[in-house]
Structure formats: structure tokens, C-alpha cells
Amino acid sequence: MRYRVGCELDYDVQAEGGTPFVFNLEAQRRPNQTVLEEALTFSQDLVQDRFTMPESGNRYVRVCAGKGRLTVRYDAVVRLDPAVLAPGSVGEMPAGRLPLEVLTHLYPSRYVESDLLVSFAQKEFGRLPQGYDRVVAICNWLHDHLDYTPGSSDEHTSARDTLVQRQGVCRDFTHLAMAFCRALGIPARFVSAYAWRLSPPDFHAVMEAWLEGPEGGAWYLFDPTRKAAPDGLVRIGIGRDAAEVAFCSAYGPVECGKPRVSIAALDRSDAAPLTTEAVSLAAA
Amino acid sequence: MRYRVGCELDYDVQAEGGTPFVFNLEAQRRPNQTVLEEALTFSQDLVQDRFTMPESGNRYVRVCAGKGRLTVRYDAVVRLDPAVLAPGSVGEMPAGRLPLEVLTHLYPSRYVESDLLVSFAQKEFGRLPQGYDRVVAICNWLHDHLDYTPGSSDEHTSARDTLVQRQGVCRDFTHLAMAFCRALGIPARFVSAYAWRLSPPDFHAVMEAWLEGPEGGAWYLFDPTRKAAPDGLVRIGIGRDAAEVAFCSAYGPVECGKPRVSIAALDRSDAAPLTTEAVSLAAA
Amino acid sequence: MRYRVGCELDYDVQAEGGTPFVFNLEAQRRPNQTVLEEALTFSQDLVQDRFTMPESGNRYVRVCAGKGRLTVRYDAVVRLDPAVLAPGSVGEMPAGRLPLEVLTHLYPSRYVESDLLVSFAQKEFGRLPQGYDRVVAICNWLHDHLDYTPGSSDEHTSARDTLVQRQGVCRDFTHLAMAFCRALGIPARFVSAYAWRLSPPDFHAVMEAWLEGPEGGAWYLFDPTRKAAPDGLVRIGIGRDAAEVAFCSAYGPVECGKPRVSIAALDRSDAAPLTTEAVSLAAA
Amino acid sequence: MRYRVGCELDYDVQAEGGTPFVFNLEAQRRPNQTVLEEALTFSQDLVQDRFTMPESGNRYVRVCAGKGRLTVRYDAVVRLDPAVLAPGSVGEMPAGRLPLEVLTHLYPSRYVESDLLVSFAQKEFGRLPQGYDRVVAICNWLHDHLDYTPGSSDEHTSARDTLVQRQGVCRDFTHLAMAFCRALGIPARFVSAYAWRLSPPDFHAVMEAWLEGPEGGAWYLFDPTRKAAPDGLVRIGIGRDAAEVAFCSAYGPVECGKPRVSIAALDRSDAAPLTTEAVSLAAA
């Protein structure tokens, strides 16, 4: 399926000498996620310094913008060819067989203090059958126990805070779901995405958990907020948590407007129910 | 200079079916750190699954040990050829020029909540001249304000906790020094090491900060505890913080003894004062 | 019903000049809790400075003990005449009618951060019918969701920590139950007690919640751990939380042994089931 | 010296059935603080339920306001006759001699986690000579290390947070100063006040520390923000911390305007420098 995605961002650069920006808003190029066309444009004429991080596939662009207005626009057409499996066929992979490069995603991180939640996760989810459906059970638990409340959290809010406050936004839901996964021994990572059918449209935060289907291990997508279609997620950034996946980092005094984000399916209707199948985009 | 390093670890594996272990205790192979000879031996006859993480150089070995006693022994001779510069010649590198793969080490992590310490770091260190000596000033501040107190912290202790408690061990000193660096815009990463002249001998935790000498950017070594020789650090693991650099992770019920760690210089005397020069082992 | 209660405490006073101690281990004298006989003895010959706090009834004794061994022994016979009501007859009292001196027990305190748990408490307990049974529901929730695990917490552990860690001891269960009560607008206070049928015998921590029976408001006793008999609690100290109700505070370097605590019913058998009635000892 | 103090508060009561309010904004009646005249008026005709807490002197008024607009106005003339001593004549009082009712103010409370700051306080202030000037040193430390930044904290901010963030408002300065005092064994309590020469005028938060002058122990006033005159503080509420000293608690949905607060000296000029003498209003 093909999706047209895009965003438009406005900044007011205040420093006389200009300010460096690092953007991470282009769609990843990965097995099963093909960028068919794309354009990234800046309202100022700027040298672009580019880097794709090998371990994550994140595409970084740095520019040093001059004082004044900066508008950034990204437009792309991306084809997703997700692997879709029956949930019952997808299990967990024991530590003895996990790819060693995946083990990193078992460790606690800034906003995902899984080391503090081992007892909690064991008590709530420890006796459930292992596999894809256990991660679904985690997402269901979040749905039942948390409120999605815009404005209830800030950039310092962590999974522990969200567990106590019982509310948050997509970032917070995702951090807490990841914390439960890691505490149970399931590698989990943070994904920023253009998310089909998310309403209102915005950058979205979802999770990938490493699980094992009939053909081996892969990262499976989960949206703990249940707001978007798991098979309609165009991945942008991947990281240990939100600390690593900002769509924009400015290294100076800047005012920014609210991002305008869009996504449209080119080959399918918005009317069908969201899939309940297990969706995976790539092996690693 | 050459160093003979080693460690010996004892475990009692309790699960009937055995337990997977991942070790990260071999010396890194890097520019300026050459492993001349080495041997890793297990008291059980075990298949070794190996992986060297490209972005860190960490060398992981996984074994699935059977029930009962497991002893692990590592011995190596390592040559260090550090670049040693006059501190005054080493400056900070602005965000506009930092290598994009280094930017990751500006982000907060589990035990390094630099996002919470921006105001603190600015007030204490914001007006100091930028460069190597500003990182030295951070280490001096720790030396003046914290007590090195074995037993005062645990595996959940973070930089914020250490700042409040004013005491800790090498891991805690390093996390707090890293937090100040990141809060000031200086990339910092956690390094586990065999540390020459550390007394009593043990695995040590130190920090690398990304700075810029006359020939470009590099990771410079700092020991915020001042207990070891910066030019006598044989690096084992590198990561965002201690969460990523365990020398052993066991995925099952295990009892472990106290590690026996050793390091000896083969070409130099233990008597000379510790260097105050800027020490760097490699560019990235 | 009459109970014989007692404790014996050992200290090794290390300072040359001696050390002041404040003890709060004598049974309160209150409506429905009558001290029939009692003796507090010290192994050293000491001047006793006494104070009973009007707002709590706590009985404090201060002594300045000399260097060396100090043994403190308390023995008493106490009669409890609790008011026992049918739970269904006990409701909550709205803020507009709460005695103003009781309002203090709605505020958050050191180990009871009720201000952080308002959303959590509303979601779990906000839709339950108000009254005694809602507080029982809170205690049941703790019973179902927490493990009683000696050694899992320390003197800094607060209700928020316990909620995340899902384990604790009587002090922690009580703090969390109090936090939920206060967050719902139910005044709650911390009570240390000699607790009949607690096994093994020890100082116990329970909670009083302010509720309203047919004859007016009163403090009702709850044991969130369900380990002791609510109608067999001989109250010692009352406070906002454990910070205010230490059985001993020493203002100098002291080593202390494990307290030996005892309680025996003089008029009733240990065999009957614990009461499920609403138990209250006094109006304020 | 006499002061005319006052405040005016506006509320919009939204619940159909009205909402209970508890106010604590009248000047305390205490030795050395004499209320010469006063009037508390409500724009609605309301029954007033009154209570003066014996242990604090706080004067509470409860009303149940009807739906719609509620304006509260307080005006008073208050005479202060503070005891003013030379700082060098005021010492600390050891635990062995502290009045037992004062000991409560050594305990940690919700926003004053003195139990976590013992090591910090010892390191910064432990070697200073004991007495009034050590508390001044604490206030000076705050002045040197914190920024007074409106908007940098919220109602959940505690002393520990303030220590890490290095900024706050009068409430935060006071909590941290109290935490250091308690950690050093100096009883400290929170005071809300009409504060002469505070600019802009507002309810102010200051601290009282229990110290000992030539004639015995007393509560000495300190303004850790240095914004008001210590001898021009008309006390309203006293408590363990801000949790206990709200000027208004509404038990229902209410919108409130910004309070208008005023204070004017009737017998002295605003031009003189702030006193540096030790100021005390009463023994307990």
C-alpha cells in the first residue's frame, strides 16, 4: 500500500549568528518500507549535512539556519509491504536466542525505567501465555487504565510517572508499554511515525517489540493508544525512547509553530476496521 | 605501554535447564588500544556466541551455562597508545560541527537525566571558559562536593539521586559528570575499564567526553573519581550509561561471587604521579 | 477486652557524653482505650521528661542515656472498648461538614503523596459507592496488587514508590492506602500499634480513616495488610505518616537490637475469625 | 509597629449545589502579634464555621458558597512587637533540651524531604559554627545558588526538586531552607505571611527556625528569598510545609482570579535598609 506523507514546520530563529538544527523527519528506507518519491525543502538556501545511523536507519539532516523565519517542508510517497501474520503464530524469543544486537533494547532508558517495574510487570502480565498476545494484553491494560489526556505530561515525564498519574499522550503510553515489555524480557524500541488514520494528524509515537514468527525474529509494531492503523505506520525515527527520536533539535534560541502533518492512503479506503493481525516491517 | 589485565568470575547456576549469560569483559580492539594476546575460558565446555557492536566496539559473548558452578577467566595483554595533548589545546566542538553519530551522546539516558540538570549545570559551569578544562572543573566539583562511599548507592541510583545524596561510587560519579557535560552540550559516554592503579582493583567506570584538539574531534577520557590513571585505562564497554555496560547479564537465577580483577603495567612504574594531560584513545 | 502488651528494646550508646532518646511506645489513653496498668523501665537510672501531644495523644518520653548498654522495657494491660458497627451503616463525610481539625489529614505528607495520586484513585475507586466499604475496597485492592515482602523497602520509601514497586511491608501498605483515601477526600492518619494476632509479633502500622456512623464522625481502623485483628489494635502513636510515629528516635550514634514485642488477649480466644465489622475507638 | 494588611479574592463557583471553601488568611493572634481591628467579608451571605488550631494558631473559616461569583475581602490592622536580638546571642538548642512539642518540626514532610538531604546539609553546613548565623548561611547559600524564577515550579515541587533545578519561588526557597535546617537538627516550620516591602505584594512564604536566645527558645523568622523585611511579617498560617498552609481550599470546581494583596506600615518608613538582627515573634 502506498501513502503520501508530509509535514510543514515553522521556526523563528532568534540568534544573530543563526542556529544549527538537526531534523529527523524523513521516512526510513528499509525492507518493506520503500520511499518512492520525496522532497525536503527549506525556505532558506542552506547546506545540508546528512547522516543515516546504521543501527537505527534514522536519517538526520543538519542545517545552520540564519536569523529569521525558517520553513521546512517534507513530502514523500512511501510504499509499505508489511508482513502480516496471525497473532497466534508469533511467540517470544528467549534470551538465549535473541540476536545480540537486539539485547540493547532490553535495557532501561531515560523515559523507560523498566528496572523499577519488574515486580509490577510480573504481577500483571507474568502469568499470561508468552507471545504476541501478551504484548496485546499490555496495550489493553494501558487502554483500560490510562486516560489519553493532551497536556497532562511534559518532556520530562517518564514511564514511572505515567504509571502513577494514569494519563498521558502517545509518547507516554508508548514508554509505559515499552517498560512493561522490557521488564518481562521482551526487547522494545520507540518509533516515531506518520500514522495513517490518526486523528487529528500529528507525529505519532508507537512501539516495536521483538518477537518471533514462523520465519524468525522481527520487530512487530504496536500502537498502545489504539489510535492508528498498525499496518499504516510510516516509520521515521527509531530509538531507545523519545530522548533519541526528536523530529527537530535546535541548538539555539528558537520559536516554533505547531507542526502540520499529513498522511493519506493512495490505495485503500479509510473506512475498514483497523487490523488485528500481527504487523512487522523488517527483521532488524 | 602494555598492560596485563584479567578477571575471574564465579557463578552458581541454579536453574535445572541452565541459564544464558552475556559477558562484556574483553578489552576493546580499537585504534590505540591493541589486544596483543588474550584468552577467555569457561570452566564448563560451552558454545560461544559472539558479537561486536559496530557503534560501540563492545565485544559480547553469550553462553548457555548448565546447572552448577561456572567460572569465567579472562587474561590479556593490551597495548595502549593514547594521544596525549596539552589541556589548553583541547576545546569544545559546537553543535553545528559535531559528527552526527556523536549527537546521540547528548541525549539523557536512564541514569543520566541531563534534561533535569540544565539550569544547575549552567549556574555552576556555564560561565567557565569552554574546553577540556571545563570538564576538568566538573570533575573537580565532584571531588569537592561528593564523598566516595562504597555501599551508598544501588543499581537504580541515577545522577539526580547522586546530586542530592552527595555520595556514591565510581558509577555514580561518572553518571553525574556525564549529566553535567550533556547539559552543557558536551557529548559524554560511559566507559567500563580495567584501570591501572585503581586500588583495590575492580572493574572501573569512567567517562569519555567528545572534545576537539588541533587535529579534530576525539573522545577524551576522564576519571571523575580521580582514582585511576587516565592514560592507563583499558576500555571494555562503551554505552549511554551503566545500563548498557554490564560486564555480565544472566537471564535466570544465579548466585555470583565477587569478581577478582587485576591489571599490571608491563613497561612503567607505579610510582609516578598521575598524568594531568588530556588523554584520548580514538576518534570515534 | 483486655490485652497484655509489651516490648523490650536494646541499645548500645556509643557517644562518650551519652545520647538523648525520645520514645513513643506507651499505649495511648483515650476514650475506649484504657490503660489498666503499665510500667516503663530503663536499665540505666534516668530522668524522664514526658509530654503527651494534645492533638494526637502520643505519649513521648525523653531520656539522656549514658554511654553503654540501655535496655528499655514496657509492660501494660490495656482494655479496648471499640465501637463496632455494621459496615453498611458507616458513610463518608463531605468536606462541608468535616470537623476543621480533621482537615489536616487530607493533606499530603512525606510518605503519602496523595496530591500525585488523585487521577489514579479516581479511576480505581472514584465510581464505587461512598462509605466504609470503599475504604475496604482500597484495602482489598492493595491485598490483590501488592506483595508483602520484608526487606523490599526502606525508611525513604513512599506511597508513590510502593505503587510502582508493588511490594512492601505494613508501613508501605498503610501509606498507600492512606494516599488513596486522602486523594478521594477521606481523611486518613497513620497509627502504630500493638496488634493482636499479628505473626510474628512486632510493632504494627495501620490506618485510621475518618468516617461517619449513625452517631457522627469517628476514626475507623483499617489494617491494609489484613494481618491483625482490627478490634485488637492497641494504639501507640498517631500521625500524618511514619515520619511522625517512630517508636524511638536517638539523637546520636547508637546501635540497636531487634525489638521484642508481645501482645496477648486476656479475655478471648485466638481462634475466631477476624472481624469484618467496622471498628472505631474514638471520635477524635 | 502597626501594619494595615488586606487581600481580595475572586471565585467563580461552578457547581449547582455550591462548594465548601476553607480560608486561612486572617492574621494570627499571638504574643507579639496583636490584631487591632479586622473585617472579613463575603459577597454572598454565608454562615461562617470557625476554628483556630491550638498547635498552630491558624484561623480557619469555612463557608459553603452558592453557585456564581464569590468575592472575599479581608482588612486588618496588626501590631507587631517582635523580639529583636543580636544574631551572635542566638544559638541552636540540642535535641536533649528541645521542647518535645517542637520535635515534630524536625520530621520530613511532603515538600521538605530532609531525610534525603542529611549528607548534603552536613557537607555544606555541618562544619559551620552552630547558631543563628548558620541559618543565615543556609539562606545565603540559597541566594547564591538558586534563581528566583516565577513559573519555574508547581504545586508538586519539593525541596529535592528545587535543589536539582536550582530555581523556584518563595515557597520553594523556603522548603529547601527548611530541609537543610531539619537535616541539621534545627526545627523549622513554614509560615505564610503578609510581608512588608515584598514587591510586587503577594502572599509570602517564609520560615521559622527554633533557636535559643539568652531568655530561652523561640521561633526565629527567616526569609530565604531576602525579599521582605523579617520584622515586618504578619503571620497567617503555620505548618509543616505548604501542604498545610493554603490560604484557600475549595472542595469543588471553582475558577479563581489572582489575589490582590496589600500591606502598608503605619509607623515607619519604607526607605530604611532591611534589618539584619535576629527577629522572633513568640516562644511557641
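In this document, chain identifiers A, B, C and D correspond to the written order of the chains, with residue numbering beginning at 1 in each.
We take it that contacts are C-beta pairs under 8 Å (C-beta built on N, C-alpha and C of every residue); 3 or more make two chains touch, one makes a residue touch a chain.
If you're wondering where the values come from, they're calculated on a predicted model, not measured in any experiment.
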| item | value |
| --- | --- |
| Set of chains adjacent to chain C and to chain D | none |
| Pair exhibiting more inter-chain C-beta contacts, B-D or A-B | A-B |
| Distance from the mean Cα position of chain D to that of chain B, given in whole angstrom | 47 |
| Whole-Å gap separating chain A and chain B, where each centre is the average of the chain's CA atoms | 30 |
| Where chain C touches two or more other chains at once, by residue number | 116 |
| Pairs of chains in contact (touch as defined earlier), listed by label | A-B, A-C, B-D, C-D |
| Touching residues (chain side chain D, partner chain C) in the complex | 20, 22, 49-51, 53-55, 60, 62, 64, 94-96, 99-101, 103-104, 107-110, 112-113, 115-116, 155-156, 185, 240, 243-244, 249, 251 |
| Contact set on chain A toward chain C in their complex | 116-117, 119-120, 123, 145, 147, 160, 163-167 |
